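The data blocks that follow each hold one structure.
Shared chain: subunit A. Partners: subunit B in the first complex, subunit C in the second.
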Partner chain A sequence: MTRRLVSLAIGVLPVAFLCFSALFPVLALLQAGWSTAVAGLLSDPAIQWRLFWSAAQALLTCMVVLLLGIPVGWFMARHEFAGRSMLLRVMMLPFVLPTLVAGMGILALFGSGGLAGSTLEETPWLLLYGNVFYNLPLVLRAGIEGFGRVPETSLMAARTLGASRFAAFWRIEWPLARPWFLAALCMVFLYCFSGFGLALLLGGYRYATVEVEIYRMVAYELNLGDASVLAMAAMGGALLVALVHGRLEKSGARPISGKPAPRVPVRSLAGRLMGVGVMLILMVFLLAPLLAVLWRAVASDAWSVWLEEDTRLALFNTFRFTLFTLTGVLLIGVCHALAARHTVLLRGFALLPVVISPVCVAFGLLLLYPSLSASLVVLVSGYVLLAYPFVARGLSASLDSLPAQLPNASRSLGAGPLATFYRVVLPLVAPSLRRGLAFAAATAVGEFAVTLFLSRPEWLTLSTLIYQRLGRAGQSNIAAASCLSGGLLLAALLAFILIEWPDHGKENRA
Partner chain B sequence: MLQRRLLAALLLALGTVQAAELRVITHSSFELPKELIAGFERQTGAHVSVIKAGDAGEMVNKLILTRANPVADVVYGIDNTLIGKARAADILDTRQPGLPAVKEVLPGAVSIDYGYVTLNYDKAWFASHKKALPKTLDDLTRPEWRGLLVVENPATSSTGLGFLLSTIEQLGEDPAFAFWGRLKSNGLKVVKSWSEAYNTEFTRNGGSRPIVLSYATSPAAEVFYSKTKQSDSPTGNLLLPGAVFRQVEGAALLKGGKQRELGERFIAFLRSVPVQQALQTSMWMYPVSDGVALHPVYRFAQTPRAHQSPSDERIRQQVPGWISRWTRTVLR
Partner chain C sequence: MLELEGVSLSYADKPVLNDISLVLPQGERLAVLGPSGCGKSSLLNIIAGLVMPDSGVLRHQGRSLVGIPPEQRHFALMFQDFALFPHLSVLDNVTFGLVVRGMSTSQARKEGLAMLASLGLATYADNRVWNLSGGEQQRVALARALVTRPALILLDEPFSSLDANLREGLQRECVERFAAMGTSMIMVTHDRREALQMADRIAVMQSGRIVQVASAAELVARPSSAWLARFLGWANVNEHRAIPDRAFILGGDYPPASIVAIDYDVDMITLTLKAREGELYRVRVSQREWLVLGELKESPVGLPLGIDGDQVIYFA
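So, the complex of A and B:
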């Protein structure tokens, strides 16, 4: 009973935050549009196609990233090789890349006149490829962690009892890693379904998603009636996925105890072959666009851009906003994960930031708090909102797998609840907390809030600066934008390395 | 003595705290040299806070949404495609500052600058492919020029809207949409924004389209921002009849704004010679004020002699219908 009360008390902060920064604004916008809403909109075939296509491309993306994620995740969780730890950090880079820059990188590879020679333009494949590029990191990091926790004893017992390697994988490893994959896939689905930036760029118009349609209706037509009908339909669908997932996760979550299986060096021929396959997958779906961006940066020869006053301001702001975001998300995310241990509803609530339509949030904030709308508070809360699910969900999954005996033992040995949390629970969940924070930092460095929210010139960040440069004609602007994008990647990589530094040694220990 | 000094310091501090704040809302392309704005602040003792609200169309909608509690005192960046909507929604103050009359007017607001939306072409591409330039809108629908053009979507880009409007003004409504239908079957590419069209689709920047919908000043910007000194622009204006839209951009006091007098001074400041000179190479628009010399780099951009722009009133009444018709014609 007291336990429930305590989680309720802890839950007040995150719930209040989610309500004020996301839920109420969306409701305000829906209410404003309600009087002119016509449900008949949903029988328009063009709208039905948007809804269908949004769900279909999200599902397709999930399938592709799962198929790619399982072998790569398994390989990286079981094997030790040079550069493994660095590869883990590099994997998160797509998250920071402004979509226009990623689009330029991807088009340089696969667009008309691209290096790959073939053209994927005007097809849904380009959008799908972009989706995989942006979402594979999520599944990979989660999968590696999931497989990485499988206890050595279970695996050995299975093999001793005569299970083949595959049977051991199918019956032991996969079921244990599945909750991690499910959690990540759910995020991927929701990101793609209510995906905004990337679909705008690569989808062309036929393959644009619902969110793009909502954006057009709200931002350009101020057609709040139709927009609210469409947003309700889309958010309803997304909410269903989120709730189903919350339930699945809660029932599938079980504590894992035992020493994790160690990582071994790649020795056998099969292992080597698999390693080559994994590298190939990573090269094609993840590294190639990053390398294209870096190559463009090196070729730009625009180094002097780093000496400009604007760039200094942008660097300072990027650093400052990242720090604000991390502080906010750490505080609220930890509270959320702790409170969500006992309630399915609160678990689903962690997905709120990806369920709701960002366009509706941005315009709803304007409606609800006009006097605050151009203030730093709104901007930072926007960043925190976006970064939120990474910390809250990752931590939830990690807490679920924590065996109850450990905190119980600590309590019976006389430690108070706070001491138990600080000395026992926190060290055990720290790696996934740091992983969540790294993702959170990535979203803060990224381009979000560049267009949707009111902004001020003095809030210039690196990604805003890149967009500013790309908003003008002329080679030196493109060169500067390319150079800044390369720098953005390196700076983000440095941030990831620093945030996850304490795990660095452990990861490399075979 | 010390006390007096402290008192003076205190008063000074209070003064800075209480410095009037002028809130200027504008679109994301707004840019003026910092020294100019700082100069205005020194002159008036006020603080100018600039709020960027996305592109111009988005900005006007945000202003309409917040008209009960205006988020700014002055707006800059409303143009002739949006002024009708802004006036109909009653977001602008009915009394605007009176400033010297100029040729390019924006009824209900004060015009500050103007420019032309038009097609640009990649000179090197046309030279190396030994292809002639199209001479009419209709040429763009012929097999010879198939798949060469990229335009922005009029539903999401003011550049795209300008082109749609000029085709309608030139051809008449029904023939114009018939033209768009033929353009679509001739391999037209549509993207969301100018940045995307110019940076990813235009042949000059690694894309596959040698003709891009842009601005008449872009060839000058190409020279201004080139990496090496140029004697000629790598791009040129393709001023086909029916592909030149004149965009007049202006500023206005917002209804319910707090700083009327300061706002008036700010609008006058936007019309002052230093700003009118600076905006030519910061926002790439022509100054409306008479007697402001054009920047030398503008000789690289051919100035259109004629333009095809529907009246503000016609734009206000028809644009929503035209955009949905365009969407049905071109995108579905």
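So, the complex of A and C:
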């Protein structure tokens, strides 16, 4: 009983925060949208196109990443080769990479004056390429996991019962891995549908998404009513997909037991050819934009940009906001994870920020707290809302996997509750905490949507500075933006190294 | 008839199978008995075509199996974890082997239902496989294997995850079915009882080699080594090095003598002995007699008796 009370008390903080920064703003959006002429707005062909294209580009991305993800995921799940674990790590990079950096990388390849020679600007391809860059790793991780769990004996049984290699893949491996793919595709759809930064940078005018339209309406037309209707539509769509995702997870959950099929070295010619294909796909869709950013940054010859007043302000702000965010994330994330141990409902709340896009969060905050709009509290809460689930979910998972006997053993050996926490629990959950904080830091450093939405000149950050520079005419500004992107990429790499740093004693625990 | 000749396999330079030769007449049930890690599952996978041997020849009905993929060998494999496909219903699991070989869905359905009915599983046809108990799952796996009418059924520790009562029922059922269909069987197991119960012949494997192939009765009566005797469950196995002129047989009516040679039959053992005086003579002892060995004076050692190199083995 006291345990429950304590966890409720701990839960008050995250719940209050979620209400302040997510629930109430969304309600404010709903209210604002309600009183607007919905029918008139939705019959506007420009808006219809925007909604259609948002869904269509998300769907197209899903199809592309599925088509690429199945063979690559299968290959990586079934084969052992030199550099495999390195490749798996590199696949984490897009998760910490600021949208703007990726966008710059893609522009460096296919923008005007890009490395590829011909520009794809004002075509849908740039945005799709960016979407694939960000979402292919998501699908690949799911696919490797899904294919990797197919029991060895299921495959052996299928083969001896008369199935050819392909029939065994089509009738056994693919159906067993499918739930993983579908769950990942739902997330891909969500991210693409409510994508903002990439669409703003790469979509041009015609191929931008609903979120960009919302931003335009608010920032340039001050048309809050119509914007909130669109935000509602976007959130409605996202919620729908999130529900489908939940349903899929439930129905797709069939117990798969048995030793997974082992990974084998690549031996046959067909295997080698497939390996080359896999490397090419990963090269084109994963590494090329990153290398392009680096190349542009090195070749930009605009290093003096780091000494400019604006840059110093942006660096200071980025550093400051990240620090504030991490403090908030640590506080709310840890409370959330501790409270969620005994409250299932709170676990679901950790998914809230996935459904509500950054743009909607920022817009809702702006609507609800107009008097606070100049206050750092609002900005930082937006940051924290986007970043804290990384800590909360990771910590929840590692607390779940912590055997109950360990704290009990510690207590029976004479350690008090505090000593037990400090000497046993904390060291065991520290790696996931560190990883969650690194993700949160990467989110804060690269944050773009909320900052732009609530933008005030004195809140200039690195990412908004890059965006500003891109918006100004002249080659020197592009060079400066490239150079700054390179810096941001290095910051992301730092977060990445923190995330992937090997845990001490991990082997012993496994 | 299945023939294996000189089959060898190694993983990363570690030998797994060493020069295995076996002959299995059609309709015979063979158990490959051995402790875990002795290579018996690899042997089964080689026969199934899932693993290619480094060297050696496999023939089935006189036809070489080299390069024949598993789906064309028409051997069915059954597993310890049943390996039912979790995304398919019971009936779809059973008809899998028919459908992938090109049978029409309706015909496959008919045959699958008939097979399920004959195993008393008809009411489960539309169930999800993970709702079934272990015994039911293995019966579905049996139905799935039998419905394709395989020439040979390969069983990989098929009953070891079932409880004892269930195991015996299913073992009997399998033996009856295989006999009725004239299907050959190769079962690998570490459970000597299972091997003795189900097989016509038993091949014992130890670290990648076949150490003895014999009928059940023969194997029990004359294990070829102390290791095997222990593996077969003899509780008290004494090993003694029979050094000519040193080991003496005492007791009984025999004068002290050293063993020169041992020959044995099913229930009689002939010892060639050399008495102190230098005279050679032969003694025949039945299994019921007692021998007392020189150094083991205090603990009488019983028969049967085996020989392994220069080791003499006494079983009490």
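Please note the rule applied: the second predicted complex is superposed on the first by the 271 of 510 C-alpha atoms of A that agree within 3 Å, B and C clash if a C-alpha of one lies under 4 Å from a C-alpha of the other, contacts with A are read in each partner's own complex, and residues count from 1 in each chain.
One rule holds for everything that comes next: contacts are C-beta pairs under 8 Å (C-beta built on N, C-alpha and C of every residue); 3 or more make two chains touch, one makes a residue touch a chain.
Only a predicted model underlies this, so the values are computations on that prediction, with no experimental measurement involved.
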Legend entry - Which superposed partner A:160 touches (first subunit B, second subunit C, both, neither): second
Inset, instruction - Based on the superposed arrangement, let me know which partner A:171 touches: subunit B (first), subunit C (second), both, or neither? - result: second
Legend entry - Which of subunit B and subunit C A:151 touches, first, second, both or neither: second
Legend entry - Which superposed partner A:257 touches (first subunit B, second subunit C, both, neither): second
Legend entry - Partner with the higher number of touched subunit A residues, subunit C or subunit B: B
Legend entry - First, second, both or neither for A:402, with subunit B first and subunit C second: neither
Inset, instruction - Would you mind writing out the residues of subunit A in touch with subunit B in their complex? - result: 32, 46, 100, 103-104, 107-108, 111-113, 119, 121-122, 200-201, 204-206, 216, 218-222, 301, 363, 366-367, 370-371, 373-374, 451-452, 454-457, 467-468, 470-479
Legend entry - subunit B residues within the subunit A interface of the complex: 23, 28-29, 31, 49-54, 57-58, 61-62, 64-66, 68-71, 153, 155-156, 189-192, 194-196, 198-200, 205-208, 214-215, 218, 221-227, 235, 284, 320, 323, 331-332
Inset, instruction - Over in the complex, which subunit A residues touch subunit C? Could you list them? - result: 151, 153-154, 156-165, 167, 171-172, 175-176, 254-259
Legend entry - subunit C residues within the subunit A interface of the complex: 45, 48-50, 69-71, 73-77, 79, 81, 83, 85-87, 96-97, 100-101, 128, 130, 141, 144-145, 148, 154
